[in-house]
Every structure is written in structure tokens, then in C-alpha cells.
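Please see the structure below; I have some questions.
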Amino acid sequence: MMSARPRTAIAPARRYPHWPIHVALLLVSFCMLVPFYWVLKTSLTGENIFVYPPSVWPVAPHLFYYVDVWYYIPFARYLLNSVMVSGLAIGANVVFNAMAAYALTRQFRGRGLIITLLLSCMMIPFQTTIVPAYLITGKLGLLNSYLGLALPTFSTIVCIFVYKASFDAVPRSLIDAARIDGLSELQIIMKIMVPLSTSAVATNVILSFIWSWNNFLWPLIVVRDPQMQTLPLGLSRFLTYHENTTGALYAFCIMVLLPGIVLFLLAQKEFIRGLTSGATKG
Amino acid sequence: MGDAGTIQVPRASRRRNVPRRANAAGSKRRRELLLVWVFLVPSLLVFFLYRVLPLIWNLVLSFQEFSLFGATRFIGFDHYVDMWNDDVFWITLRNTLLYMASAPIGIALALAVSLMVNSEVRGRNIYRTIVFLSYPLMTVAVGIIWRWLYDEKVGLFNFVLRSLHLVDQPLPFLQSFELALPAVLLANVWQILGFYMIILLAGLQNIPQNLYEAASIDGASRRQQFVRITLPLLRPAIFLAFVIGIMTSFTSFDLVYVMTQGGPSHSSELLVNYIYRAAFELSKVDYAAALTVVQFLLLVVLTWLGNRLSGGDAGAVESE
Amino acid sequence: MLQQGSPHRYRTLARSLVAALCLATLAVNPAVAQQKKISFLTWNISDQEELFKEWIAEFKKLRPDVDVEWLDKKGPEFPTYYQTQVIAGTPPDIINTQGGLWLEYAAAGGMVDLTPYLAKEPDVRRRFNADYLGNWTYEGRNHMLPFYISKTLLFYNKTMFKEAGLSGPPQSFDQMMDYAAKMSKGDKTGFMTLNFDWLYWPLFRMNGVELLTPDLKKASFNTPQAVKVLDALTKGTGNGAINKISWTGRWVEPNGAFAAGNVGMLHAHSPAFFFIRGQAPWINADTLGVTNVPGGWATPNSHGLGISKGSKQPDIAWEFLKMVTSEKWTERFSARRKVLTGNVASDKTTLDKMKVDDPLAAAVLQTQLEQTDKLTGNWRLANDARVKDAFYPEIQNAVLGRKTPAEAIKDAEGKVNRVLGR
């Protein structure tokens, strides 16, 4: 299915000036970074943020708060738990959502009903499901376990629809050809749909990671054993009554934030429009 | 390989004189249907366990008077009647609808940013990362830092406003009845911009490059390409972003909880916050259940309305 | 085909056996131990982990057949966790609550009545400060023992007082408001109060305002006096004498503001002192004054220890409670956390020591034991939380200028009566 057009024959589109875009993006970036700057600054200085006027430059910055965080709470253990739980969540999401999305690209009776059902499931906020979710997890015997922690996040509707949008864009002809070649449905998903939807996979990975990593209320309810707690639960240690731990609190938040950023950076290339994506989908 | 019609036909159909093709297609369809359901089951199971069952639990509870330590008894629609007369319910409902109505702002902003970041400007990787930075940050941290930004005496915003002499008196953002909710909303947009952005970017990747190439050759301007190619093909992603925007306004519990706890005097309290408070601070789990049911029904109605208004095909989320 | 498949098949078989074994080990529960188990849930005190480990070790010596589990949850999530556990049938045996939350559970029948236990062991009863112990009675039944106690007092910034030409702490509500106005200038405010758990209520009570009638059946605060108080508070908030954060229910912001030296008077409970001191190097006996609020009224914000009704070993739980409220342990706790525990002997020892080591802190804690007959802010009602929730938003409406004080009080009266009427 290669295009017969030689590259050189493409007429360049009229160039548009880049500088307005830069100005706009710089403005947006500035707005996005200002709160961050303060979080970072306070994590390095631990200063009292209730002093007026606020000081713009950090006074006597040091990294001790980051070290403190490691010792205030069993950071390493919590990190391990979070990694396990998020790992499970990512794996399940990438697989289950792809399967569900593929099923939804097919015409079948009850499809509209299922889609309505899924959309309405999105409308049930977690805070209203705490008690029954706990009871159900208890009945399944999964309290205090990685699986129990991760199970509610194993599939999300947003991610299913992201996959679906991507799958819908795959030309029918490719799928038909694959069926004719005798590929099973599962193989079609694995060998054709998913490779062509790398941005959807990346989105699934990033989102399911963030939602399971930052999940606070569910681990709080479902985990009793201190050895099974996840990182966000360590937050309470920095919100004590008795001492002012603002510097350590902000350092903790930055440390919890980092893996999400790293994951995004690694997945960056999936969001770059390149010649590759056009060719394989064209 | 041949086509389905020439495969060996089951004897039963031959006996019944059913045309070969239709019957083979019938079993093929059954197989396909089975497969579709098998693929859907894992996700559906998760939603059944953690969304549907809890909703049913709430529904049953909403008709009862529940006591943590004593007996439970059936009281019919009493909670719903109480809700009708409850000012706080109406205030929080209004707040939630307001919140929801401003979702398009965030989405429009995210759309603009996504398009800019998707173009060929230099350093777009950096811009993209910067915009996304806020989303993985724990909501507690977002709440705490924005609370400081908004502080009347020592916050950054008032500092800037006063330094630039834009106001003579500092603005008590989070203690103001009018400003508290918009203030929380702004913090929410700040945090969620990155999320909308990657949804829209993923949608942009689905648009085949060669459409643009072909259009270029045909002499279409950038603007025409945008209006004729990008926007229509981005419609599913935009619709998804809208749906998410509406959902998150009804479920965006954390930020209000951390920043204002619904204050002052319920002016920034969302329905979901009231539900949580009723259940756990006021110890009325049964009333909270009734509120949950009402919120759910309301959302169903709103989504249905939205669907009708936008053309009836769920904005191509379920097209093709 | 078979020949090629053999090593493959064995490998698959081996893998499945290993997987099955793993699943089996996950599924198999260890044989149910003959050990008994109790658990105790504390309220946001995770910094005292060491102390709790010592408690558990000591109790193990007393009762080797009992395992003790410690759980801790932060205030906002405490009720969520506890109620979920109650509904699931696995409540922690012992809970530690702050302020008035215990009342919700006790009034619903969820807390074990400790009166018979105390009656059987009068020495245990005698350990405790009677006024504070009485904090946790409902319908004549004792439901909790003191864990650590605190109540509101007035801190004042002596430097700011001097600058405004004021000497000594205020002696009445009107004087307090007057001083606040005198000290507020620019970014400095004259007065601030904490306000969660109804810590602000003494401001009303000291002016003779009663929330409810003695039989707790009707609102009784719609009086000219109450309107006058609310009016003063509103005016003060409006002209900057009273810092607006006073009405937001925060902990860090008010203390941070006082620590920054910008607030003349802070109406807070004793833990605030230690929090502020950590952030304010300027604090010493010359710059910080500590006194009871004029009239001596205070809202207690104490922590109690009680036994859940659903506990399967209430007697063992009682033994544990006895141990941790004995002098040996309360002294150790006081030394680490600088709080008073309501255990009379231990508090005396603690204070005596502190008067030498840390006189300013001793002065703060001393106020906690003074005028304990003037405790207010909690009403022995099953729907105490709901009454408060109906009242307070109207106060906010007034102080933040949305309604006139008279209107707000009237509306509050209507709402409170409606809650009381059901």
C-alpha cells in the first residue's frame, strides 16, 4: 500500500510564522510552572510560606528534606508496594482495555447498550463506592494484597475509548486482509491494532500509572498491614499536628511525582507525529 | 482461501433447507458475538464489581434508615423528601452544574495547546512536558500550594495584584462566596490541562499524515487543512474530552476537599463532597446513598441530553 | 511432531506446576493461631510509633497470648476508615478519637460503657482529672478514658502589644476586640482563632450565649447578646482586626501566620504552641504571652480512648487501656510529646519537670489544668455534629458579610431547631 508519489513532488505548504506559537506556549508554560517553582523552592528551603512578602529566590537551599523523607517513612517499602500495584494496573489496563475496545469496534447487538453502560459507570465517583467496594474486596479475600489494591483500577472507561478511537482509525482493509490470512481475533489485536495505536497504548500506560500511583483513599481503606501501604499513604506522616513538616511534605510530593514524569518522557515519542505513523496507517 | 459460503455446511441446516450462505453466516455471527463478549468480560467484570454493585448497594440503602450499630429499617422515600427540602443539596447541585458548565474552557485551552505542541515549532517536546508536569502531581499537593497562592495576606496572587496596583485591598479568594468556586476551578484547570492534552494528542495521531500531504498537493492552505481535516477527524477525541470534563466535574472531590472543604458556607461545595461529608462526617450513610442515586440519575439525563444536542451519535465515539 | 514437542511440553508442564504452587501458597491461610488479637486505632499520631511499639512489647509481657496491632489514620479519613470497618464487622477494638466524634458513635450504641469497669476499679478511676474524664460521658455513662487533653487558651504577641501601647492581656471580650483593632495595621491583624471542632465557641460562651436549652431540645442562642457578639466579630473581620482565616477551619495557616509574627492574639489549644515554636525563632517568655481567655471559658479538644462495641475481646481491651493510662506510660508519653494526659499524678510530675526545663511550655500546659469547670462547646446529643453543621455556616455568612448578624442568627435558629426536631 505504498504511495507512488515521489517525496520531492510534494509542494511545501505556505510557511506560517512560528513566533506567535512560541509566545503563546511560553505564556502557558510560565503559568504552568509558577506553582511548581514554589513547591520546589519550599522543598529545598522549608521556609515559612506565611511570611509576607513572599521571597522569590530560595534562601539557603539544601537537600536534607529529601533525605528526611526517606527516613520519616519506610519510603523504600512503600515504593516497592506502589511499583507492584501500578505494575499490575498497567498490565491489566493495556490488555483488558484493548480487548474491550476491539470488541466495541465490531457491530453487534447490544453494542449501544454496552456503551451507555460504560459511560454511566464513569459517572459513579469513587467516594460513593468506598464501603461496598471494601465489602466486595473482603468477600474476594483480597484485603491487604497487591491484587486487592490494584483491582478497582484494572480497567477504565476513558482508556477504553482512547483505544477505540485509535482502532476505529485503522482501515478495514487491513483487518479484512488479516482475517483472510487466517489470523485469530487475538492475533489481530496483538499484531495489527496495537502496533498501529502506539499513542493509545502510551496514553493507557501513562493514565493507568498515574491513577493507580496517586490513589490515596482506596489503599487507606483496604490496607491494614503497614508493610503493604503505598506511597500516598506516607503523606499523612507529613501532615501531622505536632511539628511543621512543610519542607519535607513538598519534598515528598516531588519524589512521588517523579516516576510519572519519567514515564511520560519515555512515552513522548508516541505523541510525536512522524512520517512513520502516516505511512503505516495510510 | 475461498469465502465463507463454500465451507462445509452443517447437516442440520441442509435438512431444514436453510440457504447455505445465511446459515454459515449465522454461525459465524454467533462465534463473533461470543468472541466480542469474551473480550468485553474482563473490563465489564471490573466495572460490575466496583461500580454497578456499589450503585445497587447505594440504591437499596437509600430507602432505609441505617444505623451503624443498630437495626436497619425500611423507610421508603423519606430521604428523597428530605433532599428536596435540603438547602445544602440545592446549593451543592448548583455548584456542580456551574463547575460542569466551565469544563469547555479547560478543553478549549487544552485543544489550543495540543495543536500548538503538535506543530513543528522547535522545542515542542519541552513545552509538551511542561504542560503535562502538573497532572501526575498528587492532588493534595496541588491543593496546598494553590491555597497558598490564593492566600489573602501572604499569597502570591495578591502580592502580584498589589505590587501592580491592580487592587487596593487584597482579594480573599478562598474566603469569598463568589470567588471560592472559580478559584478551585482554576486550580483544577491547571492540573487537568495535561490530561486533556494527551487525550487530544492521541487523537491527533490517529489522523493519517497522507491526508495532509494530499491536501497540500491539491493546494489547500494550512487553515483549510485544519478546518477540513483536523477538526472533523478530531471530533471523537474532542467529544471524549467533553465527556471526561463533565464526569470529572461531578467526581472531582479531592481539590475542593483540600482547598476549601466546601467553604465558605457551602459556596464551593460540590455534590460529591456533600455526599462524602454526609456519609462520614455527619454519619448519615443512608442519606448519602440517596444523594448518590440522585446524582447518578442526573448525570444519565445530562449525558442523554448532551448526546441528543450533539447530533445523536455520541459525537462519533460510537460511530463507524 | 510429538518428538519436537516433548521438551516444550515438559517445560510447559513444569511452568504450570510452579504457577499452581505459587497460587496454592497464596491461597492457603496459615493455620488459625491460638493467639488472641486486639487492635487499636489512633488519630493522627504516627510520629509516636516508638511509643506504641513499647506499649505492645509491654503488653506482650502481661498477656503473652495476645497480639496487638496498631493502626493510625489522619483525622479526615478516620471516620471513613472506622465506619467501613464497623460495617464490615471488623472494627478495631480500641479507638482514639479527637474532640466530639466519639459522641456520634456512643450515642448510636457503638462504644462500650466503661462505667462498670471503672466502678469495679476505683483506683483506676481516681487516676484521672474528674472534669476531663467527665468530658466523655453520655447519658450518665462513661465511654472513654483520657489519652491526652487540651483546651483553648489565648496566646499573644507581646511585641505587637508593646508597639500598640497595650499592656497585659485583655480582661474582657470587648477589650479583646478593642485591642485587636488597635494592633491591626497593614498586613498585621489583631486577632485570630482556630475554628475546627468548635474551638471558636468560647467567644460566644464568654458573653453568656448558650447554644441550646438545658434539656437540649431547642436552640437558645437567638438573643440580643449573641447578635452583639456576632456583630463585633463581623466588624472586626471586615476592618481587618480579625484575620479571615479564623473562619476557615485550618491548622497550618493560622499557626503559620502567628509564627510569622503578624498576628496579635491567637485563640488556640495547647498543641498550637509547639507547632508555632517550631517555626518561630522569636518566641520566648518576653515575646509570647500565655493566658486563659477572659472569663476562663474553653472548648476542650481532648483525645480519648474507648472500646468499640463490636470488639470481640472487650476485657482484654480494658486491660490494655488500664496499662497505657497508668503513670509509667503517661509520663513517658508526656515527655515525648509535651502534652498532658489527664492522669493527675503523671501530669503533676510532668509539669514540675517542665517548669525547670522549659518554663514557657510549662506555662502553656498549666492553663490546660486551670478552670476545667468552664468547658463548653460540646453537647451530649446524638446529632451533635448535625446541629453544629446547621449552625456554623450561618456564622460564616455573617462574618464574611453575606448576611446581617441578626438575619444569620435567626436563620441559624431555624436550621438548628429543624435538626433537633427530627
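Note that the chains are named A, B and C in the order they appear, and that numbering of residues resets to 1 at the start of each chain.
To be clear about the criterion, a contact is a pair of C-beta atoms (placed from the backbone, for glycine too) under 8 Å apart; a residue touches a chain by one contact, two chains touch by 3 or more.
A quick note: this is a predicted structure, and the numbers were derived from the prediction, not measured.
Distance between Cα centroids is largest for the pairing of chain B with C. Set against one another, B-C and A-B show the most C-beta pairs in contact at A-B. In terms of their C-alpha centroids, the spacing between chain B and chain C amounts to 37 Å. Per-chain CA centroids place chain A at a distance of 15 Å from chain B. For chain C, residues touching at least two other chains, in rising order: 80, 83, 87, 187, 253, 257, 260, 262.
Touching two or more other chains at once are residues 49-52, 131, 135 of chain A. Residue positions of chain B touching 2 or more other chains, listed in rising order: 151, 153-154, 276, 285. Chain B contributes residues 1, 32-33, 35-37, 39-40, 42-44, 46-47, 49-55, 57-58, 112-113, 116-122, 125, 127-142, 144-146, 148-149, 151, 153-156, 159, 190, 193, 195, 198-199, 201-210, 213, 216-217, 219, 221-222, 225, 236-237, 240, 243-244, 247, 250-251, 253, 272, 275-276, 285, 288-289, 292, 295-296, 299-300, 303, 314, 317-320 to its touches with chain A in the complex.
Across the complex, chain C is touched by residues 67-70, 147, 151-154, 172, 174-177, 257, 260-261, 263-266, 276, 279-285 of chain B.
Interface residues of chain C facing chain B in the complex, by the touch rule stated above, are 76, 79-80, 83, 86-87, 104-105, 108-110, 187, 189, 243-245, 247-249, 253, 257, 260, 262, 309-310, 385-386, 389, 393-394, 396-397, 400, 402. Those residues of chain A that touch chain B in the complex are listed here as 3, 5, 9-14, 16, 18, 21-22, 24-25, 28-29, 31-36, 38-39, 49-54, 92, 95-97, 99-100, 102-106, 108-109, 111-112, 114-115, 117-129, 131-133, 135-136, 151-152, 154-155, 157-158, 160-162, 164-166, 168-169, 180, 182, 185, 199-200, 202-203, 206-207, 210, 213-214, 216, 232, 235, 249-250, 253, 256-257, 260-261, 264-265, 268, 270-273, 275, 277-279, 281-282.
Residue ranges of chain C in contact with chain A, taken from their complex: 44-47, 69, 71-74, 77, 80-81, 83-84, 87-88, 187, 251-253, 255-257, 259-260, 262, 271, 274-275, 278-279, 337.
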